[in-house]
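Take a look at the structure below.
Per-chain residue numbering starts at 1, and chain names A, B and C are given in the order in which the chains are listed.
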Amino acid sequence: MSNNIDNNQNNVDITPEVNTGASEKVAMAKPSGQSDTLKKANKNLKRRRAISTFMRYFVLIVVGCIMIYPLVWMVGACFKQNSEIFSSMNPIPIKATLDGFKNAMKSYGGNINIWKAMLNTYSYVIPMVILTVVSSVVTAYGFARFKFIGHNVLFALMMAMLFLPQVVLNVPQYMLFNEFGWIGSDFYLALIVPTAFATETYFIFMLIQFLRNVPKELEESAKIDGCNVFQILIKIIVPMIMPAVVSCALFKFMWSSNDFLGPLLYVNTPAKYPATIFVKLSMDSDAGFDWNRVLATSLISIMPNILVFFAAQNQFIDGISAGGVKG
Amino acid sequence: MNKLKKFGKKNIGFIFIIPWLIGFLVFKLYPFMSSLYYSFTDYNLFAGMTEGFTLQNYKDVFTVPVELTALKTTFKYAFMTVPMKLVFALFIAYILNFKLKGVNLFRTIYYVPSILGGSVAIAVLWKALFNDNGLIRSGFALIGIDAPHFMSDPKWALLMISILRVWQFGSAMVVFLAALKGVSQDLYEAAAIDGASKTRQFFSITLPLITPVVFYNLVTQLVQAFQEFNGPYIITRGGPLGSTTLMSLLVYNNAFTGYDMGKASAQAWVLFVILMIFTMISFWSQKHWVYYADDEN
Amino acid sequence: MKKRFLSAFLATAMLATTLTGCGESEDKTTEATTEKATTEAATDAGSDAGSDDGAADYEECTIKFDWWGGDSRHEATQAAVDAFEAKYPGITVEINFGAWSDWETAKANEYLSGNNPDVQQTNFDWIGKYDADGTTYLDLNTVSDVLDLSQYDQAVLDKCVDVNGGLAGIPVSVTGRTFYWNEATFEKAGLSTPTNLDELMAAGPVFKEKLGDNYYPLVIGEYDRAILVAFYLQAKTGQPIINEKNEVTVTEADFKEGLEFIKSLEDAHVIPTVPYIDGEGADSMDKSQRFINGEYAGIFEWDSSPAKYVSALGDNGDDLVVGNVFPELQSYSKVSLMFSISADTEHPRECAMLLNYLLNDPEGAAIMANERGIPESASAYATLEAAGTINPLSAQAHTEVINSDPLYWNPLFDSKVLKGDTSVYTTVFEQYSYGMDASGSAYDVDKAAADLYKGYQDAVAQ
């Protein structure tokens, strides 16, 4: 449609319906020469524009610095000597040292160290992501494209689950998993198995939103060509909603790798601890308290998440937007 | 036979939701119902159950100081964090919604905390930042202010936990940004011609048009805030004088350190009911302030 | 001192009898037996306390073993397990260990689901909590042919019985609390480390004046305060604060006095207030920068714990010295931790063999060292003493505890009602030090005394 209104008022030689703010009346474009008042008006405008832009940048930069500073400081602190960490606000270490990282590599009696912990994390995060994606896509397809008996009731129930706090379910789920024998399972059963059953309502919701925007024509013609519903799902639907699927996968990856309460309840063996529990463990078990070691351990544990994020930024952002904004 | 076949064909879609249905029944509905059941007993995982139907757990939530305080604290936390977060998110989104150079860079900078924020690593960082020797107090000391003792002052500890969440406004911001982009420029132009100032434009055009998104963010953030666990657990462990003991932490303590499943279930249910009430109020109030594009108005 | 010598003597005597394989005649050739105890007994199959042939008579199996502790304890235990496996090929021990923080939660999960490990390190109060009906832990008397219970003082063993009279766990060590002082800081203030209450009280103002507001002679958390109050009141009444009959032996007025005692310590700048301690955000004192810097110049800890404080001090580790239990206080001692065997184990004999190796066998005991306090096992103690490997600080602390004639300790002292993040000790002492309760209203000594008294009553009512 029309241009972004804020950005193009530098030249008066433009079609008159595009307007600036305030009470300037733009005269018909004159091919040559400008009246004095017009020149002054434009100058005023330019200045106001410049100030506005400057203010925006200023706020963005200041707030941005405040936002990012804790992380920058954290990285710097990992390289500092312990005594130096709290002595100044400067993130750059005066006497850089790798002690923090060296100590972070420590294993607890050979049983578990940061790398093993991270491997543990991904050993269940990846199955969880795959299972979540598959089950969510299947469910979304079912709800979005079909009318079946009980559709509305079940759909409403599903949406209601969005608002069900996990807090209410923790206790009885724990007891249920206990009956199944999944507590302390070596295969993280209590964490993985539920994801095969589309328990993340947010993703189903997001996929359904996305699906609603996909035109049905392709499916119709495929049906005419003789494809059954399963083939339609795999050959047509999935490719079309790929961006949303990728978003789901990325989000699930992030959330699961940050999950603390789940492993806290269901993982009992230190050798099987994931990174989140390990970071807490590294705080508790050593004598003395080396902040540089603790922060280094923390930093390493979130490295994969940072890398994944930077690699897939756009998908993350698109995904979130798709969920929040209809249509 | 024919009727059956027809029924099958008509309802083929049902097959696709079977996994979800199983999940719903086993992992959501059953626990939900049994949690309700346990809340009326005094079931302790090690001592077993002695009393049948009793309202004591529920009474306790509103009378026992520790529990009542946790409830109040959770409210305080939610109503402190969510507005702050949304205001920041909207404010920054508004500023960012501008053809500036490096919009993507800024967007990333604001979004990164959201990605990392829920992690243990960041909670540990927060501990380092806010303790008596930490960065925040040193920073304020530089400009001559004696900042509060966040870790030990009951009046300020909750704020520290809240700031952790508000720092993660990036995700809400991104949603707002997408929504703002969806507001047609024509409207702004028309308003400008009519002489409306920027501020007026914001409140009369922008805000009303993004109310669906505000609503969405409000509800999702509220649900999330009521369930906050990581921050209080790792940073303050319930905090000075229980000032950061949120309901979820209380439930965890009762259930997994005290093994008092009955009590914990009742507490969780109270939280749930209150959350439901707020959600319903939000939903109901929609028609008064949320403007959907396909409405007649 | 006397007690230690006597038990060492008895130990060597008993060791002598077992070495001869019969266990009846008391051979008093101490010299020969002491030597035997310290030299490589690996080749001597009879060194296993128990019958000569018993050691060879076992099944090949895999057993699970878990414990909690710090790094050095893990290393020592793991080495001991490896040595055990080398000595008894065919028995594989799967180990599992972690830090104390949240360990009990994980263990409780195991007790719930019924799959706890064959051999486990257990806390003394777990008998009441998880073995209330006596069916969780195996009665060790049933394997006493392999696990030599005679190395232990019967009085101590009697503390570890379950409700059916069976031995629920074997007490690894007995511990009590005493003071530890940072000598360097006291020197800086021109004082010697305090030996009684008056000296401690006098030290407070001196610290404040000479060293500054941030220096304190002693630092104690909420649980520490509860114990100190117990010591204070026990000195007054001469009885354990909760006696064997599960009765509380003090009155509310007594508690008030105890609390005022704590307040007087705060007022005299002897101890920092809870808000001040909390401000740092340290999870425990060995993680506190202020302790590491020497600003907190004293702690009140178990005799089995100095190691982690010493290593926290790093290069200044030598500054930590043991203090006595003040004459104005009356201490108690308790079983610090135990080893138990799961009642559901399929290999009780092999489990008992493992325990015997770790606790009594000179070889195993030497490797285990005193990572779990001064061992109660006579043979273990003798081994360590002869090799000179007993941590001197621990030994000294243990001596101080024993010298203070400790009283009986009732596990209800640590019941969930009283001890825990949101339990009575924490809330009462925290609120009293803050001067207000969670809702902001004033919290004075009367309220504190009432709540503390009620807490104790609730605990014994269970």
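Methods note: a contact is a pair of C-beta atoms (placed from the backbone, for glycine too) under 8 Å apart; a residue touches a chain by one contact, two chains touch by 3 or more.
Remember, predicted model here, so these are calculated numbers, not experimental data.
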item	value
A-C or A-B - the one linked by more C-beta pairs in contact	A-B
Most distant chain from subunit B by Cα centroid	C
Inter-centroid spacing, subunit C versus subunit B (mean Cα positions, whole Å)	43
Inter-centroid spacing, subunit B versus subunit A (mean Cα positions, whole Å)	15
Where subunit A and subunit C are represented by their mean Cα positions, the distance between them in whole Å	47
Contacts with two or more other chains, residues of subunit C listed in rising order	112, 289
Sites on subunit B at which at least two other chains make contact	45, 133, 256
Sequence positions of subunit A contacting 2 or more other chains	265, 280, 283
Contacting residues of subunit B [partner subunit A, same complex]	10-17, 19-24, 26-28, 30-32, 34-35, 38, 45, 92, 95-96, 98-100, 106-113, 115-116, 118-122, 124-126, 128-129, 133-135, 138-139, 142, 167, 171, 174-175, 177-179, 182, 184-186, 188-189, 192-193, 195-198, 212-213, 216-217, 219, 223, 226-227, 229-230, 233-234, 247-248, 251-252, 255-256, 261, 264-265, 268-269, 271-272, 275-276, 279, 293
Residues of subunit C touching subunit A in the complex	70-71, 74-75, 78, 95-102, 106, 109-110, 112-113, 115, 282-283, 286-289, 292, 307-309, 311-314
Of subunit B, residues touching subunit C in the complex	45-47, 65-66, 69, 127, 130-133, 149, 151-154, 235-238, 240-243, 245, 250, 253, 256-259
In the complex with subunit B, residue positions of subunit A that touch it	1-7, 17-23, 53, 56-57, 59-60, 63-64, 67-68, 70-71, 73-74, 77, 85-86, 88-89, 135, 138-139, 141-143, 145-151, 154, 157-158, 161-176, 194, 196-199, 204, 229, 233, 254-255, 258, 260-261, 265, 276-277, 279-280, 283, 291, 294-295, 298-299, 301-302, 305-306, 309-310, 313, 316-317, 320-321, 323-327
Complex interface listing, subunit A residues touching subunit C	108-111, 178, 181, 183-184, 264-265, 268-271, 280-281, 283-289
